[in-house]
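Beneath this line is the structure, given in structure tokens, with notes to follow.
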Amino acid sequence: MILVCSEGLSASQIDAIRDVLTRRGLDSDVSESHGRTLVSVRDEPGALEDLSVDRIPGVDSVIRTGSPYPLAALADRERTEVRMGAARVGDGSFTVVAGPCSVEDRKQLLETAAAVRSAGGDGLRGGAFKPRTSPYSFRGLEDEGLALLAEAREVTGLPVVTEVLDTRDVERVAAVADVLQLGSRNMHNAPLLREAGASGKAVLLKRGMASTLAEFLLAAETVLGAGGTDVILCERGIRSFDPGMRNILDLNAVPALRRMTHLPILIDPSHGAGRASLVPSLALAAAAAGADGLLIEVHPRPEMSRSDGSQALLPDALASLVRRCRAVAEIAREE
Amino acid sequence: MILVCSEGLSASQIDAIRDVLTRRGLDSDVSESHGRTLVSVRDEPGALEDLSVDRIPGVDSVIRTGSPYPLAALADRERTEVRMGAARVGDGSFTVVAGPCSVEDRKQLLETAAAVRSAGGDGLRGGAFKPRTSPYSFRGLEDEGLALLAEAREVTGLPVVTEVLDTRDVERVAAVADVLQLGSRNMHNAPLLREAGASGKAVLLKRGMASTLAEFLLAAETVLGAGGTDVILCERGIRSFDPGMRNILDLNAVPALRRMTHLPILIDPSHGAGRASLVPSLALAAAAAGADGLLIEVHPRPEMSRSDGSQALLPDALASLVRRCRAVAEIAREE
Amino acid sequence: MILVCSEGLSASQIDAIRDVLTRRGLDSDVSESHGRTLVSVRDEPGALEDLSVDRIPGVDSVIRTGSPYPLAALADRERTEVRMGAARVGDGSFTVVAGPCSVEDRKQLLETAAAVRSAGGDGLRGGAFKPRTSPYSFRGLEDEGLALLAEAREVTGLPVVTEVLDTRDVERVAAVADVLQLGSRNMHNAPLLREAGASGKAVLLKRGMASTLAEFLLAAETVLGAGGTDVILCERGIRSFDPGMRNILDLNAVPALRRMTHLPILIDPSHGAGRASLVPSLALAAAAAGADGLLIEVHPRPEMSRSDGSQALLPDALASLVRRCRAVAEIAREE
Amino acid sequence: MILVCSEGLSASQIDAIRDVLTRRGLDSDVSESHGRTLVSVRDEPGALEDLSVDRIPGVDSVIRTGSPYPLAALADRERTEVRMGAARVGDGSFTVVAGPCSVEDRKQLLETAAAVRSAGGDGLRGGAFKPRTSPYSFRGLEDEGLALLAEAREVTGLPVVTEVLDTRDVERVAAVADVLQLGSRNMHNAPLLREAGASGKAVLLKRGMASTLAEFLLAAETVLGAGGTDVILCERGIRSFDPGMRNILDLNAVPALRRMTHLPILIDPSHGAGRASLVPSLALAAAAAGADGLLIEVHPRPEMSRSDGSQALLPDALASLVRRCRAVAEIAREE
């Protein structure tokens, strides 16, 4: 990084600046430009985050020269393709992971999984451990839910994406999941990110409800730094000021992340919309924006759903939507 | 509207509530349900907005029964189609209005207009009066800009969409424009909305930077109430918490507004993105989300642009983008 | 400003950068630092806003060296004191401007004005022209409202702060007002800012609902650049994601603006709270945060108010609140 | 809750609505009002959250009748006072918990703790486990940090408030802490909330960066439901759209929460400001708004701080600030 000093600093003021850097273990170089002194330091990741430049008298501003997330950054890397059962996420196909918000019972899950399969889906989603805002809400079937997911995979061949909430559960969820999902509420949960990264499983990381893209990539960096290699990013809607909308799906994130990272990007139009009637339009828009696929909620009887019934598609709406999304994705990829 | 009273109110407390309503000119009816008194009032538009229900002791909550924007509401109305030169916005086609942010000089405008024409565009945009945040920024060529727009229409046949900022300018801008644009900064400028509505011209109304969809439709209602009939809504990105993004394009608005209003909806991916590299993906996403078309910025030499150069496409990128957007729009319309 | 170029640019690439600047009328200088070329340009206000640096190949980032709002910036200037009748805003006293949201009738206004006077208030607020979101809402008594405000001043001696909405009305509002109020909805209305600045009257400028502090000061700069000298800034709550709160009063703005500008700062706790029960705490907090005073809404019969009744204090709550705010302000000023 | 049905539903349509409720285990009653059928159901906490009313055909809207957070709700309860060493939070005093962001070394901590003590502070804060956005940032001294906190308490008598990040660490952190802090990033981390609630320790719960007050109280409800009784709420700034501000301190939350809950409320002006120069004004404002006290960061050498140095006060600024805050709090309590 380059510290731009105020105009007209004395040599001893410059020395004081460099002295702070030295005491922090940072070697510095000095040059002059247009009447200002510039102090440069090797830009280790984390160094700028931990250095409160405004507390060093005489420093006006800082120019970052290195990436804050070297493992997640695009740089000149090949794009990552994540294997998920027979499918790959990020290989140029349009991957669809669908299923209920929560695993509620055997009939609901197997019925939905069969519909996902026949609609051309590539993976099955379904929560056995559910993060809920109210402590009175349904928290998932836990181990019984995991067993049902394993059975649904057995029957349909679909790989399973399911969420883990607690560092103490990573091992037992990883024993069943093909992909560990880390939810929005846990994007900033560093111990869980590290545990998931160390599990050897692919990780689907959802963006926090009010997280910047830079913070999102720092969370991915945490998973990658803990040994994870197969990380899928998932945008799922952000908070806005409009009380009429549960979330706003941020599709700017798709082309923006493409220029920032080599990791593949799924879109969750279900949480992004919050209402089933908006989901198909947003799913199509995700395909057009260049996403690598969808994470999408389907429920055979939404009025009986124990979580997020408002946003669930009916199973018979899925096949046509998947087909149209793939046709749109193909046009989006032309250039 | 129905006022839901607190449990266990006395008859005289109910009378006091009704008395406030009477003094405000509102007739009321009373019924009982589950131990609560419900007081109903005919729900005139504006009545609930102007009544501070929380200041009437004994009222717990209110259920709105009428629409706050009866002219803009979908109800059972036919969808509005707005004529713009030879094209119509909202007739099932995908309308593209393109051009520079500001009219800067004759060469820039005519060159751009010709490119819009040959790319299959339906209208020409370009600002002669520019709303700017800094008083030191370029404010537009004003009358000279209007004359250049008229010339560009003469040469290309493209109808002209251009912005008006001041009630005092409505007449002279309307003398040239085919469609009067009201910008984001003026969505809450009621005198200007009314003057534009009374002008007899079609009005393209942009959503405010932090306006809810309900507020957006109340602004449209203001134009409609002043005599306007041809109103086009335009989503152009909203404010978010991510300093890395100028705006977030809110594509949830497209399917949501479809269920709220009969007015057609254009998307401005240029302001929505803020950076040219993100624009094509967002334009395609707009088409997929079901928008009626685009308002999009093009400049032959963005580095020389006097406003919003960052988001301008080069003219030769337009033709292929328009073609792909229309192909995507077609798939989006299937069902 | 200083353009920081990418590493390893050739001489002709640097020349191309400078050539763009030259064609824009900007002289540049070049230096080298740490393997990067730095191109410096005199930082005229507006220059950076109008220059899309990202469209000039080879430029990585920019360091701003001048102020975007030289007239509003603190620099080494004395703090501005604005005369308002017998009071001054910004002279170290704690100024209270109170009154109804809208002027509704003679009795309401005179009764309120008398209460403001006897509570120790310094000015009377009241809208004769009201900006409303719904076209069906009360828009104010207009000229009749102005006449009532003049009468209330006559009777109480309190100077009048009242809003103007339309460039065409500046003259007639200025004929009565001691201070012209420009509301949140008009913070970005440059023609109105300029007309108010040219009127010779003091201007109270409210922050836009989703405006950054930098944008707020650019709006003040517009008033100052049009000839205004007496500008009072007013924070009135910003949009947030919590549908339970109408606005969030941003008190960070008080100490932050103190370090950015020489203009005095009032707080409007009424709009900032949206509910009367929260107003006293926020008024006290404003005093503690170092504001120069309050703009606060009072109504003798809030349930009969035609606008914003939810947030109006009762007149008899005012005197004690004003006294406590002034006591708090005194403690806040100690150091 | 009361489901308000659409106008003109048939008896069998009403039956279908009631049938969904019955299948979900909810008994219902029916009444008529103003041509609409109202279906009422006992409003168990969580029931409305889990029921997607929009998926039940014929239901227009819902009126909530019970509290979503019965344990945290004010109702007619006495206000909770939380014991923290010799002090109590919420007993009408103004409690100050101060200390460094992170425990960095023995000298830093003991020096700071002594300063907090002599400034009249009631508790010592300091992180041994640090939640960080970048994986390259300092994560705290962990067990060594806990030991230093225990030593500082020994020396100064100040009770210790320190954060826990991982369910697996609750026991060892609770072995040292007087109050367990749950940070903003973990407000939605239900397993951690439950584990902390079950620990027997008092819990200081920080509001999430983009959490509504209702969500904040649901998080408190989760702690209370797991057996916690002593919960302190802490507002610490929320996300906004202004990139010039790290956070916006939401002081509306203080009077609003007072009307919603019996739990005491601390304010963290350090995170709320993000910059030391703004902290004193916001601390005073918190006292004026009626907060029960402060959680505030102090560091003897902010330029050497390994986390959040920008916002740390110098120790010698603390004593005068604490004194002035308490004087302001006293005025705020008068009425």
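A, B, C and D label the chains in the order they appear, each numbered from 1.
Everything below uses one rule, namely that contacts are C-beta pairs under 8 Å (C-beta built on N, C-alpha and C of every residue); 3 or more make two chains touch, one makes a residue touch a chain.
Just so you know, these numbers come straight off a predicted model, no measurement behind them.
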Winner on C-beta contact pairs when A-B is weighed against B-D: A-B
Of all other chains, the one whose Cα centre sits farthest from subunit B: D
Separation of subunit B from subunit D, taking each centre as the mean of its C-alpha atoms, in whole Å: 39
Distance from the mean Cα position of subunit D to that of subunit A, given in whole angstrom: 26
Distance between the centres, which are taken as Cα means, of subunit B and subunit A, whole angstrom: 32
Numbers and ranges of subunit C residues touching at least 2 other chains: 210, 239-241, 243
For the subunit C and subunit A complex, residues of the former touching the latter: 2, 4, 29, 31-34, 38, 40, 61, 63, 210, 239-241, 243
Residue ranges of subunit A touching subunit B (in the complex, touch as defined): 210, 212-214, 238-245, 247-252, 254-256, 259, 272-273, 277-278, 280-282, 284-290, 320, 324, 327-328, 331-332, 334-335
Partner subunit B, residues of subunit C touching it in the complex: 20, 23-24, 44-47, 49-52, 54-56, 68-69, 131-139, 165-168, 185-186, 188-191, 194, 209-210, 215, 218-219, 221-222, 225-226, 239, 275-276, 302-310, 312
